[in-house]
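One structure, pasted below without further comment.
Order of writing sets the chain letters: A, B, C and D. Residues in each chain are counted from 1.
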Amino acid sequence: MAAVFRGSRILWGKCLRHADYTLVSSRSMASKTPVGFVGLGNMGNPMAKNLLKHGYPVIATDVFPESCKELQELGAQIVDNPAEVADRADRIVTMLPSSPNVIDVYTGANGILKKVKKGSLLIDSSTIDPAVSKEMAVAVEKMGAVFMDAPVSGGVGAATTGKLTFMVGGVEEEFTAAQELLSCMGANVVYCGAVGTGQAAKICNNMLLAIGMIGTSETMNLGIRLGLDPKLLAKILNMSSGRCWSSDTYNPVPGVMEGVPSGNNYQGGFGTQLMAKDLGLAQATATNTKTPVPLGSLAHQIYRMMCARGYAGKDFSSVFMFLREEEEAVEKEKEQSQ
Amino acid sequence: MAAVFRGSRILWGKCLRHADYTLVSSRSMASKTPVGFVGLGNMGNPMAKNLLKHGYPVIATDVFPESCKELQELGAQIVDNPAEVADRADRIVTMLPSSPNVIDVYTGANGILKKVKKGSLLIDSSTIDPAVSKEMAVAVEKMGAVFMDAPVSGGVGAATTGKLTFMVGGVEEEFTAAQELLSCMGANVVYCGAVGTGQAAKICNNMLLAIGMIGTSETMNLGIRLGLDPKLLAKILNMSSGRCWSSDTYNPVPGVMEGVPSGNNYQGGFGTQLMAKDLGLAQATATNTKTPVPLGSLAHQIYRMMCARGYAGKDFSSVFMFLREEEEAVEKEKEQSQ
Amino acid sequence: MAAVFRGSRILWGKCLRHADYTLVSSRSMASKTPVGFVGLGNMGNPMAKNLLKHGYPVIATDVFPESCKELQELGAQIVDNPAEVADRADRIVTMLPSSPNVIDVYTGANGILKKVKKGSLLIDSSTIDPAVSKEMAVAVEKMGAVFMDAPVSGGVGAATTGKLTFMVGGVEEEFTAAQELLSCMGANVVYCGAVGTGQAAKICNNMLLAIGMIGTSETMNLGIRLGLDPKLLAKILNMSSGRCWSSDTYNPVPGVMEGVPSGNNYQGGFGTQLMAKDLGLAQATATNTKTPVPLGSLAHQIYRMMCARGYAGKDFSSVFMFLREEEEAVEKEKEQSQ
Amino acid sequence: MAAVFRGSRILWGKCLRHADYTLVSSRSMASKTPVGFVGLGNMGNPMAKNLLKHGYPVIATDVFPESCKELQELGAQIVDNPAEVADRADRIVTMLPSSPNVIDVYTGANGILKKVKKGSLLIDSSTIDPAVSKEMAVAVEKMGAVFMDAPVSGGVGAATTGKLTFMVGGVEEEFTAAQELLSCMGANVVYCGAVGTGQAAKICNNMLLAIGMIGTSETMNLGIRLGLDPKLLAKILNMSSGRCWSSDTYNPVPGVMEGVPSGNNYQGGFGTQLMAKDLGLAQATATNTKTPVPLGSLAHQIYRMMCARGYAGKDFSSVFMFLREEEEAVEKEKEQSQ
């Protein structure tokens, strides 16, 4: 490991003009120095626990004090705000709900940048607009520290078992240092390119996922209406060109697969509301870059309509139920048409 | 083989009240008796050749006499019209462009039903509205014969190499007899259920395929605009929940994969116009069954717009090019905004 | 009136080769000879009453005998089936729910064509696929009679008060004869062109109506969310380029206008289910003519989804409620995001 | 006029705590004191000219010096930057292409806020995100001045003839003062509510306009394909419930109306690219407020695709041409299907 870092230090000399060499070096070499963690929600909590499990002292904070209790009992040190975290740790992971939270945690009155040390490595695992990631990177670099975006794929389950996938954007020379921490919390850590590309990869994947899920749902629904057995139809799609993750791994039709939310009344999994949020980010980046995304845009609208009709908390595969004709509705329609 | 048919004969006694038992029996047992073939277009031609290769005498016809020449030189007997085919063969495969052609070939003035023998097996491999397949089945059954729909997946290449996939709908007891012929022309022969379900499976698969292809195209386009390397993005999608056949097997972005139409200026493959036709069928069946198919419907409209803009003959993965901003257009826009 | 017909008789000599001149002539000149009516549903019933009011003897039938009672009490003669109607009247109006009903009433075992007299004028006011209207016209013409399609705009209210709009397709020379009857039931009778163009005009109008209604609903909803007063927003749209019938005459937002279904819990008016049916026809004709109709297609899907969610019997302006966030849903979402 | 202001002064005492009373008062009463103008593009130039025509001394600036020449020759005083404008005028109108420009002109290094006088009235006629308008209002209020958003409807023609419509958001008590200036440049000045509602009204109108225009285009195209005469179809729509501004005032089909861009190869009018920009704003505000706008969203995507296909500079009614099947494409398709 040391050898790797020795190499990367040389590269840093060329790339990170604002970084303080000595501090960066000490951060990298003493791998069990404290790690800061900001945001102990449903995802952040199990992620921070995994850092503890791997032997890292954790300095953490959250706007809701009660979120910190469990971690404190496990040995983490809880401080008042992000600035305090930055005062005591030179490697910090942030995991927050949306762009405004990230902006506040980094640049706010008690934000990380108030006390960040030169050479610190700041990794943001929130899913936000890549343009905001880039803004944060610029602000962080001005303080002589390094910012990387590293949003995750996989839900609370993967966070708990340490099986998340991290998509990482930032200076390539820092990737190994980020990987060291992230691999405690995830099974895959993928380098995507410059700052913001981690977010871009996450957003792109989730947009295509939403399209595939709605597409699978309407296809399965149509096939069933046309007399096909759902399991047989799934089998045919999966051996043909209609195959996708939503058809072969996470089928939305109850009874086709086991161990997926469609078999459990769409509880657990990835909430419709979270998918709507990610599609909103995809839409915003597409609008800003003038990229036409007709299906992604319609997928966004469908998940938005679902949120307005009581599906916000159900798994996003519940779009199958949203599109399916309700028995009651069918009866009404029959009466009407007479 | 004989054993299998002995068993199925017993079942037939219960199911096929209109069928002439003796004739059906003779058809099944003498497997190298002639096979009729109607429709020698781009697909039908190589399919009929494969029947010849497997030792079946072929009696064929097509509305365009020149289409028959090559097959005649290879030993097929060419006759004037479908009725003549039915006069000389009790197993017939039809491969036609659209519903009206199928209706004409079966029920027209010189159609198969004019001379069909009792107990004949009529297999239609055209891709048409499942409602028309059901109508044909009723008309065929009235003549004491059997009708199955068996549309194919896979293009001219698969037809030539005998690697098509057949999705078969019809009386289950006849499936083995159909399979005997179809396996000469395809690698997979899948039984889907009652008459019309072969078409239903085909239509469903292609609708989801179109959604996946457009979704992959807009996602790749957005990712590239956001600074991601296309090969890397494809790799990330393919290890994540965005994975689909269009991303991992038939990627629409030039340079990402080899051996696919995107690497060859979108020549060959499955034409945009044919995809638009299949999506029109999907739309019609969805409308008739009152099934909401929002993404399938928009996919149809996009392929329809592409046909109107010069993409009719290009592979359907060319939607990537359709959505991508043209260099010239970008330049114009820049000038305008000044 | 006679003068007009004398002129049109001359034109007929050139155009209607199959029609029996003498019978046509007698039909036209004795304007108070019986008029046949097939289909006494919600619309047909008040339409037939208006013919009675204008002094026409009415010979009527319906598949549901109870539908005939009221008209019988008002003096209409009820017969068993459409063939009997055709036996006793040489001018017949049909008003039926969908294409299969029309096909059956004209060409079925007891259909009009079994006993139609040469020179009869058959006017179909059903809203159906223009392709079916054309088929009926061909079949009718073979019997030496004349067919016109004359679908209506306006609901049960307009049918009752005789204020319907008829869009008429067929031979221009017959328009005056059709107009004579139709003007008893409607305020506007518009000649649209050859057979099928009445349907085409109806379908086109309703597709644009649906687009305008959904567009108005999402626009009003967005404006309200952005802090605009709904009445003020409607006023601004109506004096600007966003103006449309749905914004200025039939506004979907409760409280903006009086005397429209949005002010009465979306009761009465034009049912969502009927709009979905008309959009299905629009979709089918667009698919058949390979015309891209992206917004019309999405409007169809939205009304189809509404039917599946309990809106089938509500006025089509209830799409405003469908798109609006439910209070309960909002609350749930807030809880989820904490 | 004085009477009105005497009344409004009293209201101000209650509402505008940060405003300097004396300065505001002097600004209002001496109506021909200089007016500042920032942004002399296609729209700003004729707007500023109309202020000159009405006798107002104009102090103007633009990033492109050549844009200022014509106005200078007409008597305007040209200064270096927005700060200089604010130094010399206490009423300023800004007319800029997009949000970043507005942010820069108000809060940049040489922005208005560097030298704005207390009590100044700053009117922004740019079309931007209402959230940015609200941010500007907050920043302006901190300096003791007043900000109103007043985007326009109507193009270069209306700007030249002084026939624009202004949709104004801001403190109601300042509306009369804003109206005094805006009525020199527009025929309608509509008060919409709090700051940002002017933008909201503009965005809502243009979203519905885009939906109506695409809807009219696909409807006209479908009707023509079904055999209807375009002029007759337009007439029928306009007397029915399909009526909208795009069908009765700005019909997109060449030959239906005179004096509209469709009669002039879609030159002039309101560019596709500008419509795409406004729809992007609508999409962003809808995403931020979690409002489903399915048709608005698809309209955005269609105009975005058009920009990518060479339509950026054509009038937005050219969507009719975009959707129409190209002759060449039709020919190709025919060849392919043989």
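Before moving on, here are some points about what is shown:
We take it that a contact is a pair of C-beta atoms (placed from the backbone, for glycine too) under 8 Å apart; a residue touches a chain by one contact, two chains touch by 3 or more.
Predicted model only: the values in this text are computed from it and were never measured.
Averaging C-alpha coordinates per chain and comparing to chain A, the farthest chain turns out to be C. Two chain pairs are in question, B-C and A-B; the one with more C-beta pairs in contact is A-B. For the pair chain B and chain D, the distance between mean C-alpha positions equals 52 Å.
Chain A and chain B have CA centres that are 40 Å apart.
Counting only residues that touch two or more partner chains, chain C has 290-294, 298, 302, 305, 307-308, 323, 325.
Of all the residues in chain D, the ones that touch chain C in their complex are 130, 153, 165, 167, 188, 190, 192-194, 196-197, 200-201, 203-209, 211-212, 214-216, 218-223, 225-229, 232-233, 236-237, 239-247, 249-250, 282, 285-286, 289-296, 298-299, 302, 323, 325. Against chain D, in their complex, chain A makes its touches with residues 276, 280, 283-284, 287, 290-294, 297-298, 300-302, 304-305, 307-308.
Those residues of chain D that touch chain B in the complex are listed here as 97, 271, 273, 298, 305, 307-313, 322-326, 328-329, 332-333, 335-337.
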